[in-house]
Amino acid sequence: MPGYSLTKDDYLVRLRRIEGQVRGLQRMIDEDVYCIDVLTQIASVTKALQKVGLGLLDEHIRHCVRAAITDDPDHGDAKITEAVTAIERLMRS
Amino acid sequence: MPGYSLTKDDYLVRLRRIEGQVRGLQRMIDEDVYCIDVLTQIASVTKALQKVGLGLLDEHIRHCVRAAITDDPDHGDAKITEAVTAIERLMRS
Amino acid sequence: MPGYSLTKDDYLVRLRRIEGQVRGLQRMIDEDVYCIDVLTQIASVTKALQKVGLGLLDEHIRHCVRAAITDDPDHGDAKITEAVTAIERLMRS
Amino acid sequence: MPGYSLTKDDYLVRLRRIEGQVRGLQRMIDEDVYCIDVLTQIASVTKALQKVGLGLLDEHIRHCVRAAITDDPDHGDAKITEAVTAIERLMRS
């Protein structure tokens, strides 16, 4: 298994932690925690989400895109275009 | 109440929706939904979080920073430095 | 003068360095330098540009927004809305 | 030639335009143009740079990474790790 990729369970653990952090944000707003501290927490949740995205992207290129390239050059091209469009969406978000 | 800002309830509604989207991501991973579709959803959750962050930042400048500036110039300066540092953290995330 | 802000000359020095880096990128493309090295350089130029943006934003809030707030509450509100819109544009870029 | 990719000349044209925009930023600072207008221009230069980066990344995956995958699985894996690291750097910038 390649270096960067995570198992399904790793993703679920990370996403459950992110879900907990988003619940924490609701508590912070509810208890009128100081804005800047809420913003720091938002930056940290965003970073955690982007990490999950990068892990998925790594696996996607390593498995789906690679398989498409090996099977059929045209299909490989279509998969690469799709992956780059997804990267662009992540970068703009 | 100024144009950009949201009420406490608006933030809670948005954050509950984001929490639901993060749970949706767990379901997607669990059901082996196609990677690119998961990535599209991650980009959308990130955007929603950043919007909450921008709303809070707007309110923070409009209320806390403004009050500090009006009360005491030195305190105003410290608050502005703190806000710009928070913006930097959001941009890097 | 507050901590974060730069003088006009500092901005000009930084922007001239960024201009030189963009010319360097052209040379790299022209000489077929390895893609990943060009991408590393693009990330570094982008970061330098964002730093200039953050510096300007800091100064803008510290001077223009502050002056507007002190002079006239309504004008202050309009300036804050304008600044947050600019922050949103920087974050999306 | 695949859909997303640009020729070497396209990149050079884009980078020369970006270089001109960075010179324009220096003029704006020098002539004390309103901060928010400078920030708008910085956001636009950043977006243009990121587009060049995405184009290069597309080509890199389409050519170098694909060739590595086809030639030798281990080499393919190393190339994918390298590409994902470059994507992470672009996203953080």
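Going in written order, the chains are labelled A, B, C and D, and every chain counts its residues from 1.
The rule is simple: contacts are C-beta pairs under 8 Å (C-beta built on N, C-alpha and C of every residue); 3 or more make two chains touch, one makes a residue touch a chain.
On a predicted model such as this, the values are computed, not experimentally measured, just so you know.
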item: Chains in simultaneous contact with subunit B and subunit C; value: none
item: Selected from C-D, A-D or A-B, interface repeating B-C by over half of its contact pairs; value: A-D
item: Subunit C and subunit D, separation of their C-alpha mean positions in angstrom; value: 17
item: Distance from the mean Cα position of subunit C to that of subunit A, given in whole angstrom; value: 27
item: Centre distance in Å when subunit A and subunit D are each reduced to the mean of their C-alpha atoms; value: 21
item: Interface hub residues of subunit C, defined as touching at least two other chains; value: 50, 57, 83, 90, 92
item: Arrangement of touching chains [line / ring / star / complete / other]; value: ring
item: Parts of subunit D lying in touch with subunit A, wherever the complex brings them together; value: 2-4, 50, 54, 57-58, 61-62, 65-66, 69-70, 76-77, 80-81, 83-84, 87-88, 90-91
item: Interface residues, subunit A side, partner subunit B - complex; value: 8, 11-12, 15-16, 18-19, 22-23, 25-26, 29-30, 35-36, 38-40, 42-47, 49-50, 52-53, 56-57, 59-60, 64, 82-83, 86, 89-90, 92-93
